[in-house]
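Reading through the structure tokens given below for one structure.
Order of writing sets the chain letters: A, B, C and D. Residues in each chain are counted from 1.
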Amino acid sequence: MDLNLIMYLIPSLIMFGCGVYGFITRKNMIAILISLELMLNSVDINFVVFNRYLFPAQQEGMFFTLFAIAIAAAETAVAIAIIINVYRAAKNVDINQITKMKF
Amino acid sequence: MPLSSTIYVLAIPLFMFLFLGLVGVKMPRKITGVIGVLGMAVTTVWAYAIAFTYFFGNGEGQMLDGVRQQVVATDWTWLSFYADKLVVKLGVLIDPISAMMLVVISTVSFMVHLYSLGYMSDHDGNPEKGFQRYYADLALFTFSMLGLVVSTNIFQMFIFFEMVGVSSYLLIGFYYGQQPANHASKKAFIVTRLADLFFLIGILILSFYTKTFDFKEIMGANGHDVCNAFTSAQGLTFMGCSVTAWALTFIFIGGAGKSAMYPLHIWLPDAMEGPTPVSALIHAATMVVAGVFLVARMFPLYVLEQGAMDIICVVGAFTAFYAAAVACTQSDIKRALAFSTISQIAFMMTSLAVSSANGKLLGGHEAGLGYMASMFHLFTHAMFKALLFLCAGAIIHAVHSNENSKMHGLHKFMPITSIAFLIGCLAIAGIPPFAGFFSKDEILVACYEKGIGWGLWMSMVAGMTAFYMFRIYYLIFFWKKHEVHGEHAPKDQPWTMTVPLIVLAIISCVAGFAPFGKLVTWDGAQLETHMNWPIAGASVGIALIGIGLATMMYWKENPLPDKLATMFKGLWTASYKRFYMDELYQFITHKIIFQSISKPIAWFDRTIIDGFFNLLGNVTNSASFGIRKMQSGNVQGYVSYYIIGAVLLAAVTGVVILCF
Amino acid sequence: MESLGNVIMYVIIALTIIVFSVLAVTTKKILRSATYLLFVLLATAAIYFQMDYEFLGATQIAVYAGGIVVLFVFAIMLTHKPGEDAAPITSHKRTLGLVACGAGVLLCGAAMLGYAKFCGQSLPSMSDFTIDSLGKMLLSTDKYGYLLPFEAVSVLLLACIIGGIVIARKR
Amino acid sequence: MEIFSNMLIYFVIIPVLTLAGLALTKNKGIDAIRAVAVTGATALVGLAVYLVVYFLHARAAGDTSDMILQTSVMWYEPLNIKLALGVDGVSVVMILLSAFIVFAGVFASWKMDPLPKQFFLWFFLLSTGVFGFFISVDLFTMFMFYEVALIPMYLLIGVWGSGNKNYSAMKLTLMLMGGSAFLMLGIIGIYFHSTSTPGEYTMNLLDIAKNNAIPHNWQMFLFPMTFVGFGVLGAMFPFHTWSPDGHASAPTAVSMLHAGVLMKLGGYGCFRIAIYLMPFAAQQLGWIFLTLTGISIVYGAFSACVQTDLKYINAYSSVSHCGMVLFAILMFNSTAMTGAVLQMLSHGLMTALFFALIGMIYGRTHTRDIREMGGLMHIMPYLGVGYVIAGFASLGLPGLSGFVAEMTIFVGSFEHTDMFHRVFTIAATTSIVITAVYILRVVGKLLYGAVQDEHHRSLTDADATERISTATLIIAVAIIGCFPNFFINIIRDSFTPVVQALTSVM
């Protein structure tokens, strides 16, 4: 049995779908962030897999993923800082409750 | 006096209108009145001089082989619809009828101007409020009427038709503060406007085929040479009738509106709400004959179109009878006189129309007798009807009422007025040697020539005329002793009012001897007229019967009229109510035009059309409100819409790619 | 033909990813959610190893599994009482989420399977790609050199550090 | 700059300078504001009169070109948009009309309150658009000035209006904007078919007419677009409903300018763009619009019969009269079209007069409901007489402008060789009776009769500025009515190219 491109893409797709679902349904900000990480991760997988299967001579996909990981880390750090700050102000991380800055 | 100076006959009243209307308002009332009268006096003298020059002078081109020629004295291009053809000119056309009309209009107008000095003032002889406006409007009317009769083309005639309509509107509504005058003026204008609409359509049709408005170009000099375009258009038919018949009938309707032919007569009795001198000038002597004048002016064309002529004949004969029947029962003296006017104008119309049969003039060597008679009657009628109205004005001024129940037995108090009124009555009844006898006799002769039925019918109406005129006369001046109300007993009026009465009475006595046949004929050739003694005798006999009947019923107070009224109650009421024509019009205007057309249209506009556009607006609005909810600030919502949208877009693209 | 070990390895990885992804977004306890995320991330790292990208896998483990998940756990600890359940998901949102993710997955899946026959080949061999060349590429400015993004990311990280301090510092 | 040597550009520059002058005045300095406004308006009238003289002189000197005073300056190279100026007889008289109405409008809004400065600013911006429209021969600049004239309307009604002003302003602006959307589509379509050599597209309508390159099937699509676009502004049935509400809410001077000039843009555009450039479609589709305009004429008149608000009566009467303008334009012969321009002149002046008088009466009685007024002639004879004269002009009394215009239209229309058109003309003539009905109804109720409201007895007659405003218009109406040939001679030759284009496709 060959492990071909599609076989890696399918789990990645499902991971992405779960990320979308979680992002839409979750109310907890951290949970939303987790869903976001799922989506990012699935995209990373795609980059790598496409790179590896279709263009084995080049390394762009790999590098892209590398930078994406770095940026994801930065983003998560800032996001969590914001969440903690929000929690400090509102004693809550539920997005439905935090409407003070809306409108 | 050169004929080209006729323009000043028009210019003076126009100037008087502008002067009195703009400057006169600031001047003392009495002075404006005097200026108005003087202006009119000059106009009158000038008009007489023009008429004299035309009839008796021998200027260039006036007489040719014993035929009096039409003279175009002035012609100024006012409006050119097409550069070379269809040009509206304002000009002066002098021919027998317009010269005669100049005399009629200026005489009556001058008399009315003079008379109004006295009439339009209160008890102490001070002029009323609006005196300047009154004289300005009179001058405007005189100008318009003069302009009408000297028109060189049919469009100029239409223009002045409108102008007389407006000045009549202004004068009827002189007492605009009073509701009846207000309504009457509106009614007069709208009814005549409706008629003018038909006139306009007639002009449009006629000019479409002949490509000109000019009388001379359409009918040739003196009406002998009708242009080919007209005769060839007679062959074209529209809905079964020739287009020229349509055109001429429409033009006649225009004239019928001004001349108060049935069923467009309804404005005239109401127009009596205006000051009485105005009624004398406009609604008895001049404006109401504009329709007759119009038909007379286009007589050569009508002769060629027998269908239109027959319509005029029937309408005229019926109106004469109808109005006479109504006049027999009216209690308001001005209204009675108004119906008498309608009846007499119908005489003139009929007389014009009976002149021809099968496209040819009747009467052998007296061809065109009806035309001559009609113009003759127009002339005499203007004089004696103006006289009657001015007398009525004097009476009304004395007793402050139009109702004859308030009068009775005035003969002792106002002898001059009474005699003048009697002369007018005799003249209209057709008793020799007063003016009406001669003209009415010619008309009856013309009618008998057309057919014995027409003659008998018109003779009967002539008898009715004598009856109702003397009924009015007796009810005003005799019947019973006058009951004096208040301090003032009625008396003859000041000289400004009696002089016109006397002058007009004298004219009414002698005008019948004028050699009309030599002066005014349809083609300018002289016409030898002979007294037709059998017919003349018979008509005098009928008139005497009418007078006798009136004397029997109304000379002294007696129960006979009441008894007759109860005996023929339905007929009497119908006649008193003018055979319900006003109610019919009321129904048409209010119930049909306002309630059934205008209201639904206005509703349709507000509800359906406006509603549609409001609906568009509301739909957009509510759609926006619906969409606004999606813009909630909820990122999760945005993501889901984004994803769904992206998926849909991808799906659509995929389907499109797969399909093509 | 792949070795059986690889196939077994793949099955384990795929199952881990699918199961723990689903669990990560459905569990009610937020701390568990973070833990499941950790498993998913580790499985992802395993994919990278399978693809012969050892450095990437290592980074994944170090940064994601080691750094980010720990951050999550700290954050959760700070903001949540232990044992607290997440609020139940409203049915409206669940429908919306299911529709969005279901439609997306179905469409992409359909598209992918439509192209499946073009991807029949097995893992191609990769010419010598060593840490050495990777490091050179990261710091070179030639073609296939990544110095600029590298520096940009470093600036970004610096900004993040400062930003994180500024945001989270007590006032 | 070459463009500044053309006097036409000053019709735009003067209002702009007036705007600048107004901007410099202080908010409270009412005298300075009035002085600037009057100066600007007077300069416009003077220039317009000079233009007429210049035009007549040029024609007399044998200048037979379609347009005189042509100048063209490149404005936006990539799309070949130029600032192209030029006037023919029609534009000359329309400019004269606009100048007169702006002049009278300034006097009619003498006591404008509140914010007089801002009012005059918008007022002159509107005038800029109007004049710009009439002097342009480039589709783009025409459209631009058209929009410039439209937008101030919203604020002028919305801020200074009365009654249900927000609704009316919104409705008016939206409907006219809807019209201009059609129009823009039409103009873009024309642009891309303006020439048969690709890549040399032009917006200059004289060039487009000369190229005559719009394919017939495109004409059938673009003609309705442009005609409806302008027809909305010309209050064509069924797109007229903005007019009653808009006029009823607008302040006096705006009603004057709007009914007097802005609605004329519609008629002018219809013939200058829609018919001139697309004669084939005009011949093919003319009957549809002829039917609609015919309906407008009679429908507007009937609607006016039962209205009770003075401004509504006048607005519906405008629908009827403007319907006649479009009706005559669609008759495709130079007499009827000349009549249409005369009708534009006449209706412009007369409606402006009406609105001025209504504004003055409303300013005194604070009601426009004719059921609540009566016998005003006793109290304010000057205004009363003015109203009667305006009414007479409207119902077509000879000697005033309405008669000349209507008769030219009727005679010209009836000369059409087609029976359908002639029968329709007869149907349209009935409006003269209905017009008389509603005009006399108003006059009878409003001015005649007894005084309805005793409080009205203390009211005053017109003051000096009001007299200037109305007298200007009355004199203009009378001049057109008495000496129509003067205007006809200016106008008529301008239609030669249009009629030629129309007959060539028969």
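Here is the rule we go by: a residue touches a chain if its C-beta (ideal position, glycine included) is under 8 Å from a C-beta of that chain, and two chains touch if they have at least 3 such contacts.
It should be emphasised that the depicted structure is a prediction, and the values quoted were computed from it without experimental measurement.
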Most remote chain relative to chain D, going by C-alpha centroids? C
Report the inter-chain centroid distance for chain A and chain B in whole angstrom, where each centroid is the mean of the CA atoms. 97
Roughly how far is chain C from chain D, going centre to centre by Cα mean, in whole Å? 70
Between chain A and chain D, the Cα-mean centres are separated in Å by 64
In whole angstrom, how far does the Cα centroid of chain B sit from the Cα centroid of chain C? 103
Give the residues of chain C touching no fewer than two other chains, as numbers and ranges. 93, 96-97, 100-101, 104
Where in chain D do residues touch at least two different other chains? none
So which stretches of chain B touch two or more other chains? 636, 639-640, 643
Using the contact definition from the top, classify how the chains connect: line, ring, star, complete or other. other
Provide the full list of chain pairs in touch. A-B, A-C, B-C, B-D
Residues of chain A that touch chain C when the two form their complex: 1-28, 30-31, 33-35, 37-38, 41, 44-45, 48-49, 52-53, 56-59, 62-63, 65-67, 69-78, 80-85, 87, 93-94
Chain B partner, complex, touching residues on chain D are 170-171, 174-175, 238, 240-242, 299, 302-303, 305-307, 335, 375, 377-378, 392, 395-399, 403-404, 407-408, 410-412, 414-415, 422, 425-426, 429-430, 432-433, 436-437, 440-441, 444, 447-450, 484-485, 488, 492
Contacts from chain C onto chain A in the complex sit at residues 1-2, 6-7, 10, 13-14, 17-18, 21-22, 24-25, 30, 33-34, 37, 40-41, 44, 47-48, 51-53, 56, 59-60, 63-64, 67-68, 71-72, 74-76, 78-80, 86-87, 89, 93-94, 96-98, 100-102, 104-105, 108-109, 112-113, 115-116, 119-127, 129, 134, 137-138, 144, 146, 149, 153, 156-157, 159-161, 163-164, 167-168
Please give the residue numbers of chain B that touch chain A in the complex, ascending. 633-636, 639-640, 643
Could you pull out which chain A residues touch chain B in their complex? 20, 23-25, 32, 95, 102-103
